[in-house]
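Below is one structure, written out as structure tokens; comments come after it.
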Amino acid sequence: MSDTHAQTVPFVRDTMLSEAPPPAGQAGAVRWLRENLFAGWLNTVLTVLGLVAVFFLLRGLLPWFLHGVWNAQTLGECRQIIAERWGPDATGACWAVIRDRWTQFLFGFYPSELYWRPVLALVLLFVALAPVLFPAVPRRLTLFSLLYPFVGFWLLWGGSIWQPVMVLLGFVLGYGAWRLLRDRAPLLAPFAGVVVALLWWLVLCGPLRDLFASILPIGLESVRSDRFGGFVLSLTIGVAAITLSLPMGIALALARRSDMFLIKTLSVCFIEFIRGVPLITLLFTASLLLNYFLPPGTNFDIILRVIIMVTLFAAAYIAEVVRGGLAALPRGQYEAADALGLNYMQAQRLIVLPQALKISIPGIVSTFIGLFKDTTLVIFVGLLDPLKGITDAVRASTDWKGIYWEPYIFVGTIFFLFCFGMSRYSMHLERRLKREHR
Amino acid sequence: ATLDDVKARGELICGVNPGLTGFAAPDASGNWSGFDISLCRAIAGAVFGDGNKVRFVPTTSETRFTALASGEVDVLVRNSTWTFSRDADLGLDFAGVNYYDGQGFMVHQDLGVTSAKELDGATICIQTGTTTELNLADYFAVNGMSYTPVAVQSNAEGEQQYLAGACDAYTTDASGLAATRAAFATPADHIILPEIISKEPLGPATRQGDSQWNDIVRWTLNALVAAEEYGVTSANIEELSASSQNPEVRRLLGTEGTLGEMLGLDADWAANAISVGGNYGEIFAATIGEQTPIGLARGLNAQWTQGGLLYAPPFR
Amino acid sequence: MADAVEKPKESFRLSMLIYDTRYRSMTIQLVVFALFVAIAAWLVDNTVRNLAALGKDFDFGFLSVRAGYDIAQRLVPYTQDSTHLRALIVGLMNTLLIAVMGCALATVVGIAVGVLRLSSNWLVARLMTVYVEMFRNVPILLWILLFYTVFTEASPAPSVFRGDEGRGLLFGLFAVTNRYTAIPAIGVDNGFGSLDLGLFPVNLSLLAVVVVLAISLFVRSRLNRHAAAIQAETGRRPVTWWKSLLIVVLPLVILLWVMGVHLLVPTISGFNFTGGVNVPNSFMALWLALSLYTGAFIAEIVRAGILAVSRGQSEAAFALGLRPGRTMSLVILPQALRVIIPPLISQFLNLTKNSSLAIAVGYLDLRGTLGGITLNQTGRELECVLLMMLIYLAISLVISAVMNVYNSRVRLKER
Amino acid sequence: METIERAVDTRHMQVGEEIAIQIRGMNKWYGQFHVLRDVNLTVHRGERIVVCGPSGSGKSTLIRCINRLEEHQAGQIIVDGTELTSDLKNIDTVRSEVGMVFQHFNLFPHLTILENCTLAPIWVRKVPKAEAEETAMHFLRKVKIPDQANKYPGQLSGGQQQRVAIARSLCMKPRIMLFDEPTSALDPEMIKEVLDTMISLAEEGMTMICVTHEMGFAQAVANRVVFMDQGQIVEQNTPTEFFNNPQSERSRMFLSQILGH
Amino acid sequence: METIERAVDTRHMQVGEEIAIQIRGMNKWYGQFHVLRDVNLTVHRGERIVVCGPSGSGKSTLIRCINRLEEHQAGQIIVDGTELTSDLKNIDTVRSEVGMVFQHFNLFPHLTILENCTLAPIWVRKVPKAEAEETAMHFLRKVKIPDQANKYPGQLSGGQQQRVAIARSLCMKPRIMLFDEPTSALDPEMIKEVLDTMISLAEEGMTMICVTHEMGFAQAVANRVVFMDQGQIVEQNTPTEFFNNPQSERSRMFLSQILGH
């Protein structure tokens, strides 16, 4: 184009230029390296530092990993094999301990012939979660999700089937009472439901269970709580606490958003209290104090007590997550529900919660990840968590005394896979939600 | 009463240490064994006639007494030292001594130390929540020495810290030291110093205010001790209960008198207890004795007739 | 109004308690409150009865009893003859120490990693991602144990440092050993002594340093304001960095010189380092683990905060001719900080609460003293655990109060 | 605007003697702010009232008081013979008599169009599901979107959504409909479809109170225009009178602004 | 569109001989993708150029290269006598000579309108604060929003924000202004206010390069229309010629689409 006055020289391109490759040094590996690793002196320094760090890490760790031994009966044997193969000064991992004891890390002291039960419970857990995980799943499956806690409980602890069935019946009866009274006395109905269920559990449940158990003894071999350990324990506590804490967290969140002063205050106090103290103090409460707070003579399983405290703990966090979901709902939704004449319960159940909970799922998953990691703390009240409880038990055996890194690495890897997977999933969910909500 | 609860439940709940080699530890399939465990089983034997009707609840040194006081466990057999304040103030009653111990020190051989008196300025690993902390503080204060405590949470950790050289000395009950040292790759590189700085009578404890149950535990222990004294072993017990002429043995084994009834148990309660794992001596030999990797000598825990402190009151 | 109708006075009916919106919420609140009181009363009653059954009482008298145990790391004077209350304070100080140091390091790590994760440097960004994911997805307890093991298993015994070749890091100022990390101490030749306040003594020399520092910082802020005023007037900002450096450094140096402050380098004597401060490995492991773990979370927060400021902002600033540094300080950071600070503070809260995992490495913090040995020696689990919860709660509430103040101030600026 | 012309006659339709809504000396405050001052309004059955006035004059507040989305602090509101007091039963009665359409539709995004329409009949009126769905389809046909019944609100255009909102209200078979600026969030092309729907409702004799600035609609459909300013009813008149010969100074000013656009 | 008619004459205004921007054989790649191919363009002082073309044709990239928000890989860009190389000083010189207005305004939300306008003069031009504020108020008056000076961007409408963005650029007293689709994120009513502002700028003889699809604006204001496709300049002409008698096939197609709307 000329430098002459443009207005007077219109320009029309007659042949289009085709795409040309970028000039050398502007493309390919050279360019990639220049742009991604050596752009400017700062980046070059960083790259070199990074390489040095990676080098030293690998130099320190790689031989240890490479010299790993998988087949040995004791730590001594491991060391001997390493010394033979790689020279007397060589260090190496003794993975044999994992090979020997991996079932214990996963299942604790759960009877080995019954391993299928926790595994089945885990598989069924995913089936129960399917309606949440995949929107396409038929809605009828939610019924199974509701039943799952009972199925899971029965599979894990075993015993007579009548125990979970009778407890479940309490819920059914309560629901029935509510349904029956719903139209006649809408405000009395929930109350009646609770009373009926409580009466059932407190009075009739036990005798009837025993009766049925003697007539029709169906059941699985029962497994006592002290056999629980390792990841079975972690998952049991984590999943139970999250499931149980959901209703409570929702109630707390609703209470916190309520405009009734007393209810709001109570809920705020509870949430802030729980969130203000470390989990470990709550666990100590479970193991040391809960017996003080309950009527003299009551005494129940430490796992159950831990689950109760962890549930309270999780409820406070879930409440905050759900509160966020509730706050994200536009006011118009409440108003439309009001204008249609839905009462408070109906509006919450049909309009508000389905939407708020959907928004909250990523937050709930994150809470679960945190909780799952925190289940390792139960070691401090004497339960055999996978990280330290089982590891210490393994180390107490004369065969594996003095083994440090391998169990930690093994357990850490499993935790990592679980948590990383879940956090990716929750990110994916978050993105999907963002898409759906524009 | 505890006995009724236990009977109704059909099993005994015994609070134990989750990982003290030789005294209490679960194996790969969750079966517990050890010196303390054997006592629990003997008690279960006395109550039910079956040493397997017992459940072991791991307790940490911090939760153990609460577990007992709150009824979570029926009896605590967890290498707990019998002290005045624990007996009087903590709401529990000790039922005797199953192992006479004392707090000692283990040091690396190459440290060149031969006496605890030379430990001035040392770094010492110590388990928290135990009497050893108090003993250690007293001992160094009395001897005008200083030290740096490294608190550890469990025996496994203490061992690891000590082996890694994080402390010059590891202090705990001498039995524990021996058990720990025995499991080292090179036990000879470590020496246990001669000083025993405290008396550590370890024994089972029960909840306060239930003397019947306390008696059962106490006399089960005594029965094991007495059985050794009278030569009753798991091997000859059947024969002896049928044919023994020794009145004390006959009373012990329930072939004469009503001792069991007085405790609220069967007549052959003691026989049942003994037949679970043998008498005191047998249990000792099988779990921590010189033939085991732990390799403890009887020492103070020999019968009084052998120069030890084991002295069962008469069964009469 | 002319035809204003007199409303007939409604008489109160019982059903109005439920069906009238005016009374309904009152009724519900009363019922809930009654339930709450009933449950609370039930719990208290159970507790009282249980205590009676065990022959115990609810009494904090034990706090004034001799503790009888030793604590390795103490920020306030303490011997085994001190009371349990004093042990509690020592533990609390240790908790606060680990919390403050942890928050500081975690923030530094978090910001560095968060920024580096966004760097255009492929390798560095990847490495930082690996770090963040590794730490976030594995229980903190594992990291504490691993670091502890690294310190005890993988670092040399102090005796290795004997002789010439065994000098520590950085010209022998630091030495990482398998039982502690020796760092230089600060020696004062002619300090101002200390003032005993009963609960704990106040080191007057330290106080003097703090006061001098505060004064010079104040003067420096005046200088900055002055510079800003000049800039507003003339448009040129006077060069102040050397002045402010002088103002901050000079008085401090003079004070330190007057007090005769010098470094006490740790030297090996006998088996151990003396002269410096030996920081126990339990502290080091806990500190590093907490900081790196929380740092990973903070890195994500920082990254999200920076990403929350759209690219358009920096482009607009560039287009106006602002240099990258200025763009960062005038445009990006002020916006990013609003997003970053609130979750950052809740991470601080988490770190403080997680510091109770000191139990895993035997670092005697509040949980280790009050909730550990004291509880164990006195058998007062009810009192100890409740007191411990209250103290943690108080710390949390203070931190979140600070957060709320900050939030409301930031929000004010926005409108 | 052919539909509007077609509909011009509706406003000569029969207006019943029966009183549908009676508001007497109603006052409302937000905190210290006096939003509604001494409002008196009588609406007869079958009447169609358009409320207009400058922004912030309290139009929305007024009609939200009529189904108790807001509480009034003094005066009386009697809807269909039921006085709105704090008695929940009365509130429920009134709400199921009165349908409301919002500016932003407020459809429930997690339910299909059909579910949106059947929700309230099933749960509030306790109508069997099949019957509710039949009714819903009837009204969806009426608003001309029966084929969208199984879609979700997010998949519809604004105009369609607003029509669904109208259908949803109708499914409760209300005797009175309230509209709060039903077209102001819509793109110009969609306004017409919604207005058409409203006109056909008017033709059937539904009692309607409608806050709107669509003067064409007001002129075509309303029996009465109520002009509000600063929380007061400043002028009430037939549309022809109001538009051609406003009585008050303020109405004149307002009209000149509106029409000047 | 009376303003645009009023402004029609601006394009006959004097265009200087001096060259403001000179682009020679400029090429740019994103990775392997050839975005700009052999672009040649000379802009004289006082000229007003409108760049148009289909989406993705490289219009934004072209004008972002002119103030080095993007780097070009081959060819020359000389702005006001300064060649854009990787020399930081040159970049700074050019950037303070060239103002830019973005599609999404990119105001700084944490600063008031006034602070937005004074930030760069104070920190880049080292103007005293009082003077900077005076200038800012001058330009804010010019874009007709002096009364919003102490509000925050979030409190203004889109059109107002875009006008602030223009004022902010003007405060740096640039000799050249670049506009990247300044009106495409705005509602129809607001487009006019912004175009008015741009026209009044044009009237004052500012050198402008403007990516826009507002053909009315182009016809009214531009000296020259540059049509781009696939990263190349396909046609340059006076607006009248370009719109009435496009030379290339592509321009014809493009125009038929645009005007067909």
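The letters A, B, C, D and E name the chains in turn, as written, and every chain counts its residues from 1.
Convention: a contact is a pair of C-beta atoms (placed from the backbone, for glycine too) under 8 Å apart; a residue touches a chain by one contact, two chains touch by 3 or more.
Quantities reported herein were computed from a predicted structural model and do not represent experimental measurements.
In summary, the chains found to touch both chain A and chain B are C.
Listed by label, the chains touching chain B and chain C alike are A.
Distance from each chain's C-alpha mean to the overall C-alpha mean is smallest for A.
Counting C-beta pairs in contact across C-E and across A-E gives the higher total for C-E.
A turn of 155° superposes the CA atoms of chain D on those of chain E, with the angle given to the nearest 5.
Look at where the CA atoms of chain A average out and do the same for chain E: the two points lie 53 Å apart.
With centres taken as mean Cα positions, chain E sits 47 Å from chain D. Between chain A and chain C the centroid-to-centroid distance comes to 27 Å (mean Cα coordinates, whole Å).
With centres defined as mean CA coordinates, chain D is found 57 Å away from chain C. Looking at chain B, one finds that residues 66, 157, 160 touch two or more other chains. For chain A, the set of residues touching two or more other chains reads 288, 291-292, 380, 404. In this structure, the chains touch in the following pairs: A-B, A-C, A-D, A-E, B-C, C-D, C-E. Within the complex formed with chain C, the chain E residues making contact are 67, 69, 92, 95-96, 98-100, 102, 104, 106-110, 119-120, 122-132, 152, 154, 165, 168-169, 172. The touching residues of chain B, when paired with chain C in their complex, are 61-62, 65-66, 69, 86, 89-91, 111, 121-123, 128-130, 133-134, 136-138, 141, 147-153, 157, 160-161, 164-168, 208-209. Considering their complex, residues 18, 25, 28-29, 32-33, 36, 43, 46-47, 49-51, 53, 116, 119-124, 127, 133-134, 136-142, 145-146, 149, 153, 353-354, 356-357, 359-360, 367, 371, 375, 381-382, 385-386, 388-389, 392-393, 396-397, 400 of chain C touch chain A. Contacts from chain A toward chain E in the complex involve residues 1, 3, 5-7, 10-13, 16-17, 19-23, 26-27.
Every residue of chain A that touches chain B in the complex is listed here, in rising order: 76, 79, 100-101, 104, 108-109, 112, 224, 226-227, 287-288, 291-292, 297, 299, 302, 380-384, 389, 392-393, 395-398, 401-402, 404.
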